[in-house]
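When the chains are written out, they are named A, B, C and D in that same order, and each has its own residue count from 1.
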Amino acid sequence: MSKIHATVWGENVHERKVEFIRKIYPAGIHGCIAAGLEEASDLSAASVTLEQPEHGLTEEVLAGTDVLLWWGHCAHGDVQDAIVERVIKRVNEGMGLIVLHSGHYSKVFKRLLGTTCSLTWREAGEKERLWVCNPSHPIAAGLGPYFEIAQEEMYGEPFGIPAPDEQIFISWFEGGEVFRSGATWKRGAGKIFYFRPGHESYPTYYDSNVKLVLKNAVRWAAPEGPRWIDSAPNIPVDKAPEKIELKGEVLHKPGESGFK
Amino acid sequence: MSKIHATVWGENVHERKVEFIRKIYPAGIHGCIAAGLEEASDLSAASVTLEQPEHGLTEEVLAGTDVLLWWGHCAHGDVQDAIVERVIKRVNEGMGLIVLHSGHYSKVFKRLLGTTCSLTWREAGEKERLWVCNPSHPIAAGLGPYFEIAQEEMYGEPFGIPAPDEQIFISWFEGGEVFRSGATWKRGAGKIFYFRPGHESYPTYYDSNVKLVLKNAVRWAAPEGPRWIDSAPNIPVDKAPEKIELKGEVLHKPGESGFK
Amino acid sequence: MSKIHATVWGENVHERKVEFIRKIYPAGIHGCIAAGLEEASDLSAASVTLEQPEHGLTEEVLAGTDVLLWWGHCAHGDVQDAIVERVIKRVNEGMGLIVLHSGHYSKVFKRLLGTTCSLTWREAGEKERLWVCNPSHPIAAGLGPYFEIAQEEMYGEPFGIPAPDEQIFISWFEGGEVFRSGATWKRGAGKIFYFRPGHESYPTYYDSNVKLVLKNAVRWAAPEGPRWIDSAPNIPVDKAPEKIELKGEVLHKPGESGFK
Amino acid sequence: MSKIHATVWGENVHERKVEFIRKIYPAGIHGCIAAGLEEASDLSAASVTLEQPEHGLTEEVLAGTDVLLWWGHCAHGDVQDAIVERVIKRVNEGMGLIVLHSGHYSKVFKRLLGTTCSLTWREAGEKERLWVCNPSHPIAAGLGPYFEIAQEEMYGEPFGIPAPDEQIFISWFEGGEVFRSGATWKRGAGKIFYFRPGHESYPTYYDSNVKLVLKNAVRWAAPEGPRWIDSAPNIPVDKAPEKIELKGEVLHKPGESGFK
């Protein structure tokens, strides 16, 4: 069986600019995430970053990606709109997308969900406990009823998202908040999973439960149907399934493509 | 009781440039739609168009709009991105949105749904029969099991949309296709209704059933909860609901706002 | 404007049999809930109980009920199946339904949702904090970002429900759990709201925030469309919208009703 | 790779009692469906029927079933409630369920969806054309934009179902109606697919497209996560994730199980 191809997109700014973060993630957050996925024999993972040409997300890279993981924070605005549209298109064609932590405010996520994606937050190194809402979901395979992360940033409700297709995790925070920490949506042929943990100040992506969730999520998000290359075809009158004849005036000439 | 304020946005291009369309809609498609809504004593309707400053959608106009109706076709690309974002924001705050016919390809609709919004089409003046999928839905109030439009453009499946919250209408076309002609979604606090009929070549917006649906839809889409002005507030450590103390290093200085 | 008619169904067992609960709710839990609703000038509320003929839910009572509230716990099994089916039918016709606390295991709720409706629980008088997930939802109108109940039973995830249409509240518990405490679904023409708080050992239904939520919820759940009396009509060949002729053998004789 | 185990449940009444139907399906409708699935090397299929002890759906049979297909029509009322509950439980544990044609009125389907599941109908041997709403869905793999069945019973909207998670097919009927012919839902860990065609008067289950859809659907509905054996565990005070102490009076004694 061929491997599932994951691409981890990393902003790679904090890790270069902030000393204490570089010590946590010497290979970058993206590098740590990709290494975690590579532990699984059925997955392969490459990482690309913001500063690369086309942010590392060329047509070729995306065409060969089954599942894209996205970590960004302070440089959302630097991501070119053309690349964002390219990612959106590939998700609609069937590429899976896993949006991580502060990626909730990425252009890609906001564009796909259509909402504000806002939340409340606090950086206090407090305890987070993630509860499994659906123990039978493949993304939760191998987990117990909950798992804890000793130190994390808090994200709290209200989370500005459309109602998820499936609620996988909800977090309990030491400081008193709750958050919908794992949720799924579909856009076109593409599956989307948002996963909350992963603040750059803490070694979250080394956590074994977090790594397990990401492996599960990549398997879940991999395309399971045919790739649907979108189009908006005109069906000429003489190609209608039922025999009809043209009636009245028309705006479009025969064979003309529609407005987009 | 105060009236519900509807604003009808019209592209107003075909009506000015194409003789046979101008004859159908001498006051513009937008004008015809607004006049239809004004028949109801609980609704008020104004219309604005693409060529106006800020496309007629100033902050003031949007702030005073309960429900926005959108008709566009050949000039989707001419709508400025800043205005699109303004509309998206107002929908998320609670303004209702009714997207009409070829508006399926408008920036606003694609941005809110996150999908391709594509479909198949044919301009043959064929018969369309719209079936009511949920006779108890307020948008269908007063209709029979179905209604017909003698001449319409055909739109066919697959329609590139996320699964609707509610399916209100499905169309049967003389030429053999079907289409999800009435469907709803929510984005933030805003309700969205897509309604298929309304090709510029036919007098669809004079049809009594179409007018009834639009009146019903404006009432349904009007805000029913408090307006939610979005933010992403930082909750300082000493304002946490439960007493906690800061642990470990932090990236953000106290009082700093987050990255967007 | 005529009032919305709410009927509060109470099991009325703990209140009669357990001394310390009787002291909390001398008029019954149902009586306390109904009194809370009656505070609002646009609502009227009556209460009925298990021990009444037909459990107080005659055809007449249900026909005149806009929204039914349901509180049960130790006697779910004593509710007759015929009455359950009657309630289900009325919900599908458009009657709103608000299921309270331990009503998660009522026949009515399980029958409408189709899932186990199970959860984890602990009776320790611990603090519950309910966070508002959607501040713009009418059920949350007038609330702050969260409200607290000093002593409540804990309900924890996983909650065995289908993905809600809307998530209104999520609870944080002192003992470390979380729960989807307010959620909505639709069945037929009827709106359903589940609201978690309300253990019989505590004076929860006297809480001003809880009373506000119930008032809001009754308004939200009231029917907004025409009542849909269900049927499965045969459409005879000569009544088809398009002219067709009978082809081949048939099982059903003309005019026969279908199997149910 | 081990095969996916499908069990086809057939009512087996029309095939025994009606001469012209017996000629179409000499091995029963269930036998024809099972034979179609067996064409695929990754699927195994057995069939069971109403008249067998426990309707052929013993605990053992269901425990070994990955996906259950259900065809019933005139004898829905003869299915014992205890067996219905057993099937519901297994679906919630993760068994896939494919409900066929007149199975829309089966106890199993109505119990899982919570709605009336009613529709309009006509037995005229008319043409049905099924359009694919989502070409990228695995259930539609290998199909063109649509497929036709020369003679079928008509089912028309309104179809009394909750909003589907995914709309796979919509039918166009020669007589002028439309219908949501393929749709999915989830209940607990189990996936549900409703597929419309299959009236007993016509040889629908020999159709190559219908057979392809059923093979695809069995693969799609097979469990993909861990089996979730439901429970409602009490979490004692001293087992709470966070240290708490009992406050106030309690109804349940330590170790007591809750009410169901």
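One rule holds for everything that comes next: contacts are C-beta pairs under 8 Å (C-beta built on N, C-alpha and C of every residue); 3 or more make two chains touch, one makes a residue touch a chain.
It should be emphasised that the depicted structure is a prediction, and the values quoted were computed from it without experimental measurement.
Undergrad: Taking each chain's centre as the mean of its CA atoms, which one is farthest from the centre of subunit A?
TA: The chain farthest from subunit A, judged by C-alpha centres, is C.
Undergrad: Give a one-word verdict, same or different, on whether subunit B and subunit C use largely identical residue numbers at their interface, taking over half shared as same.
TA: Same, since most residue numbers here occur in both copies.
Undergrad: Could you tell me the distance, in whole angstrom, between the mean C-alpha positions of subunit B and subunit D?
TA: Chain centres of subunit B and subunit D, defined by C-alpha means, are spaced 35 Å apart.
Undergrad: Could you tell me the distance, in whole angstrom, between the mean C-alpha positions of subunit B and subunit C?
TA: Roughly 31 Å separates the two chain centres.
Undergrad: Find the geometric centre of each of subunit A and subunit B from their Cα atoms only, then give the gap between the two centres in Å, rounded to an integer.
TA: Distance between chain centres: 27 Å.
Undergrad: If a residue has to touch 2 or more other chains to count, which residues of subunit C qualify?
TA: 120, 129, 134-135, 156, 158, 163, 165-166, 172, 176-177, 186, 188, 228, 241
Undergrad: Should the pattern of chain-chain touching be classed as line, ring, star, complete or other?
TA: complete
Undergrad: Give the list of subunit A residues in touch with subunit D in this complex.
TA: Against subunit D, the touching part of subunit A is residues 93-94, 129, 134-138, 140-141, 146, 165-166, 172, 186, 188-189, 220, 223-228, 241.
Undergrad: Show which residues of subunit C lie in contact with subunit A when the two form their complex.
TA: Where subunit C meets subunit A, its residues are 120, 129, 131-135, 145, 156-159, 163-167, 170-173, 176-178, 180.
Undergrad: Which residues, counting only subunit D, touch subunit C once they are in their complex?
TA: Residues 14, 18, 20-21, 73-77, 88, 92, 102, 105, 111-116, 118-126, 151, 154, 156, 158, 160, 162-163, 165, 174-177, 185-188, 199-202, 228, 230-237, 240-242, 244-252, 258-260.
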